[in-house]
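The two complexes that follow have chain A in common; it is paired with chain B in the first and with chain C in the second.
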Partner chain A sequence: MKNPLPRILLVLGLLAGLTSVSAADGKLMITMMPKAKGNAYFITCKVGADKAAKELGVELLFDGPTDSNAAKQNEIVENWITLGVDVITVAAENKEGLSTALRKAQKQGIKVITYDADALPDARSFFVNQATPQGIAWGLLDEAARLCGSEGEFAIITATLTAGNQREWLKLIDERLAAKYPKMKLVAVRPSDDLKDKAQSEATALMSANPNLKVIVAICTPGTPGAAEAVKQAGKVGQVKVIGLGLPNENKRYVHEGVTESVMLWNTSDLGYLTVYAAVALARDELKPGAKTFQAGSLGSFEIRGDNILLGQPFIFNKGNIDQFDF
Partner chain B sequence: MKRYFREISVTLALGLVLLGLAGFAPAFYQPQPLLSLATREAPTLVVACGMVLVIICRQIDISVGSQFSVCSVCAALLAARGWPLAMVVPASAALGALLGAVNGVLVAGLRLPSIVVTLATMVTLRQGLNLVRQGAFVNLPDSVQWFGLSQAAGQWTLVGAALALLVAFGLAMRHLAAGRWVYAVGTDAEAARLAGIRPQLVTFLVFVLLGALTGLAATMNLVQSPQVQPMVGAGLELKVIAAVVVGGVAISGGRGNLWGAFAGLLLLACVSPALTHLHIEAYWEKAIQGAIILLAVVADGVRQRKQKF
Partner chain C sequence: MNASGSHSAGWKSVVLRYETLLFVVLVAEWFFFYHYGTTTNRRGTVVGFGTLDRQFDILRHSCEIGLLALALTPVILTAGIDLSVGSLLGLCAILFGKLWHDGGLSIPAAAALTLVAGALGGGLNATLITRLRLPPLIVTLGTYSLFRGLAEAITHGAVTYTDFPAGFLFFGQERWLGLPTQAWLFALVAAAIWLLVHRTTWGRAFRTIGFSPEGARYAGLPVERRVAQVYVLAGLIAALAALIYTARLGQAKADAGTGYELFAITAVVLGGTSIFGGRGSVTGTLLGVAAIAVLKNGLACLPVVIRLNAAEEMSGLLTGALLLLALTGSVLPKLWSSFRSRHRRT
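The block that comes next holds the complex of A and B.
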């Protein structure tokens, strides 16, 4: 018989309302922590993760803070260490803060994988990387080029002018634009401050100031429905096309109305699926540092670059497939 | 003339900007985008009407952005459950009034500084909303957008309603006794009390009124699109306070009027589209808006010094 302590603690955890799983005999215990528990994005991650856990016959424990709270994440990791789980997978709210707790877990023999948002490299074995900056930037620009026939004016709506991710994407877009699409002209980059309504005002002004505008690219998720509403209200559906990053539910109506051509994001359910597969392979010693590829059940093979397992190219939602996603 | 120096100078500045745009970017003057701009600013104008009263009363409320978000999301959830707009609008205004009353009780009742009280309610309301909603959009039924009217009719209704409120408040502040009480309390609360006015009651009521107007403005924004983002209204407090201060309402209380605040709002609202039309980089936007506010505050400071000596 194994040490009964983890079992007792698990029961205590159940009583405290912390967990919702039943104790399992001999099964691997995989945990998954989102940045925030009720966030639609992470709930779809869990859908894929549950599917993988079922296929692999492991227990999946899904828990996290109710809002994005770095301190609460630490607390939950500490609980999991006491519980003696086999693998911890986590989307880190705060890189440095969480890494201390994760290192402690590793010292206790618990394997650690990050997904969606990385911790420091020495605090985890692998990071399941949902999309490379190049994948996002080039994906959006190529889609914009396809829509305007690689020539004409387009504009970008960004989050804030100082947002790190967006600046990196803008740089990559600029480089590829010069190299590959010399006939396309980026007329303006406008900030939306991550507000849908401001994005709408910005898009309205962009259209009246640039009558030949063909495409508006929103590189932050609130920007995409905001720009679409502006195009619709300006009566320029078909003349100005909208693409951007975004969640399917926020953009469905515009995609069906033909205002928004396509919305790009990674497939979050696949992200959860891949993370659990990687976690189990790591626990079973099937996934080792230095591996170049990784097989994840029904999704097939994934590339590993360094210690990043790449989910691959971003996913494009359009009229044909957007109704299959609910997040 | 000298008395209304600040209002006149803001209006002149606005006129100059509009003239400049006519010369360098005539495309700014297209009916549809202009009507859209006015419609987008209509809810801000309604909140500004309330903020003018609070600032004249020598108080400030920086929680209006959070109040706006809470009212927007609650109103959206009611509308999504099938409540008719005729009930959603008063419900949202009532909720806003309640939130304003909380500020009012703390400021007028407990005599706490309004900047601290409303800072606390600003953070509490915003984080509470994040906790409950997790950033999820609320989708509205189709009948909500533009009150079920055509787009143009809906837009004119909103702009008309905001202007009507502006005129009503502008006249009331000048001609009604209640309006003069607000100036009296803002100028010198003790003197007002000796004159038979109840300063704490007036202070409480301006907070309630600002809350109610914020709740109303939230529904005026709600009907403009088919979905509501819970972040809506973030930064609204800065926008509104800036417009009011630029419009010549003294942050030290007792001075200013709604017409100036209206001109201030228009001036600041023009900056962003003007830069887009002039093809100037967006980095300048906040810098220019900041410079306008600074200029206004310096003008106030200079005037006050002159009065003292």
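The block that comes next holds the complex of A and C.
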């Protein structure tokens, strides 16, 4: 008639007494969070980040949501806080939402750096800026204008309508459009959730809704090959031109087939490399607020403007040069 | 305290009761993660699963799914299902943000209206199910898309409401009397649902309807009214979960609560409630929620899982395995007793 529960609990309690405490090996623990884990853009970031971590002898944890999901980003940051990591680096899907969690990390003595997409300035020490928003927005719009002869309809495919960097680029595109290209008409801005297949279906819908569409501009990397595939399947090669941000490897095929005119990007692997170097320097107190330049291993010196570490100017890949790059 | 318990023979019935077994699994799981998931970091502080902060994180992260699971327990007891609760959570979060931010209402007024909206959303399900006699699975599959679509339409998929006042964020981010604030709200709702299901004639009616709606009708139970009530209640609780979700993240976005309904259903079924209705308990649901939450958070602390960066994938995989194991396990005593009775006869 005895209840065996107390006895079971006692045994389990004894087991717990044997708590293993792994030896602290003294390595710095740096974490890196992409907006979405499966996005090729962030996978190449990781390649550079891994290289830097190896050179510096630190441990790198790379984890993020499988889709661009702000709530999951928060949970992963909170997980890292209780794991007691040294530096958290993130590409924020949602500025305000993630900043709450990042401030909590800072309160516990964890250093925070953002890269690719910034959080609120008080929630991080530095932002590794891949290119100035103006450089990206104007570069893409000018390229689109060149392709359509500065007049006619064009459409934009973005990652999500809420992402901070995408919104900023859109704003700059709008401003320059009004000032410099009055005959060009932006017919739609559609979100692709950072997914290639969604970008493809959005591009297909855009083309059937706007028969006079001349150019599709994708301002997120999965959007460019997605839109190119849609144009190809619709048999509108040459009629609708695709440009956008993109990795050379994902777009080579379309560039050679003449579907995609050109893709623009910075070196994403360098972005990951620079981010990890900055994170480690911050943890070792070698990088302090107010610094003007920063040395990052084999990449040399980078300019710091305010609290932005600048990666440099974006690069345009086209038929002539795209085969020289492999990432 | 539970419906399926036979009170015949002492400790054997206590041990073999499903909830007891699930509790043992939960405790074992907890100690496993405590043992393997706690480490000391470079700076010499204890980190990982064995910290109080982590335990509070588990509580905070499981409150919304826990609330949805509590909402779904009465629904599933009546042999119904509600797939729309996650979408309704998203819609309520957006409505709350819009009423406060664009509508200029105070936080309490916006929250009250959001709860009303949640109940109305549940009411829509209830009306379609009881008046038009449509199957709950199809009705809530429809409202699942409808509510999420409305949330996206209201915000054009673009607006995220943020900058909520600190007094509101207190409910999702701070502690009150030592525990995360929302844990108290959760406990309150859990106690209320437990009383409703196990200590009132209403609760008995839910189970009777689940066993046999025709029988319940012959017995003079107001079947339609009771069924309608569980869906309205589910909507109301989904709205409360939306408020807690918004307070925890400090943002209301149209994708809030995506996929939560499936986690909640998993927790209810893992807790021993029959998906065919009639049998189950609130205690089981709470244990089911806890087992999934501890598994999810614990995995993220295991060094091997951290090195592989596979916490999310592993937790999905193991939650599935746990559910299938539990379902298999719950059939075993029945097989065993039928085997024994056959054996005795020969």
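Quick notes
Heads up, the rule we're going with is that the second predicted complex is superposed on the first by the 173 of 327 C-alpha atoms of A that agree within 3 Å, B and C clash if a C-alpha of one lies under 4 Å from a C-alpha of the other, contacts with A are read in each partner's own complex, and residues count from 1 in each chain.
Following the convention adopted for this analysis, a contact is a pair of C-beta atoms (placed from the backbone, for glycine too) under 8 Å apart; a residue touches a chain by one contact, two chains touch by 3 or more.
Just so we're clear, the structure is a prediction, and the values are computed from it rather than from any experiment.
Contacts of A:Glu168 after superposition on the shared chain: neither chain B nor chain C is touched.
In the superposition on chain A, A:Thr66 makes contact with both chain B and chain C. Of the two partner chains placed around the shared chain by superposition, chain B and chain C are both touched by A:Pro191. In the superposed pair of complexes, A:Asn79 makes contact with chain C only, with no contact to chain B. With both structures placed on the common chain, the touch criterion links A:Asp142 to neither chain B nor chain C. After overlaying the two complexes on the shared chain, residue contacts for A:Asp50 are found with neither chain B nor chain C. By the touch criterion stated above, A:Gln200 is placed in contact with chain B alone, chain C being left untouched.
Legend: residue contacts after superposition of the two complexes on their common chain; A:Lys27 is shown touching chain C, with no touch to chain B. The partner of chain A that touches more of its residues, comparing chain B with chain C, is C.
Touched by chain B in one complex and by chain C in the other are residues 66, 161, 191 of chain A.
Residues 36, 38-40, 66-67, 161, 187-191, 193-197, 200-202, 204-209, 211, 222, 225, 229-230, 233-235, 249-250, 253 of chain A are the ones touching chain B in the complex. Put simply, chain B touches chain A in their complex at residues 25, 27-28, 30, 32-33, 36-37, 40, 127, 130-131, 134-137, 139, 151, 221, 224-227, 229, 231-232, 234-235, 272-273, 276-277, 279, 282-283, 285. Residues 10-11, 14-15, 20, 24, 27-28, 31, 34-36, 38-48, 50-51, 53-54, 57, 61, 156-160, 162-163, 169, 173, 245, 249-251, 253, 255-256, 258, 297, 300-301, 303, 306-307, 309, 311-312 of chain C are the ones touching chain A in the complex.
Taken together, the chain A residues at the contact with chain C in this complex read 1-5, 8-9, 12, 15-16, 18-22, 24-29, 37, 61-63, 65-66, 69-72, 74-75, 78-79, 81-86, 94, 96-97, 100, 160-162, 191.
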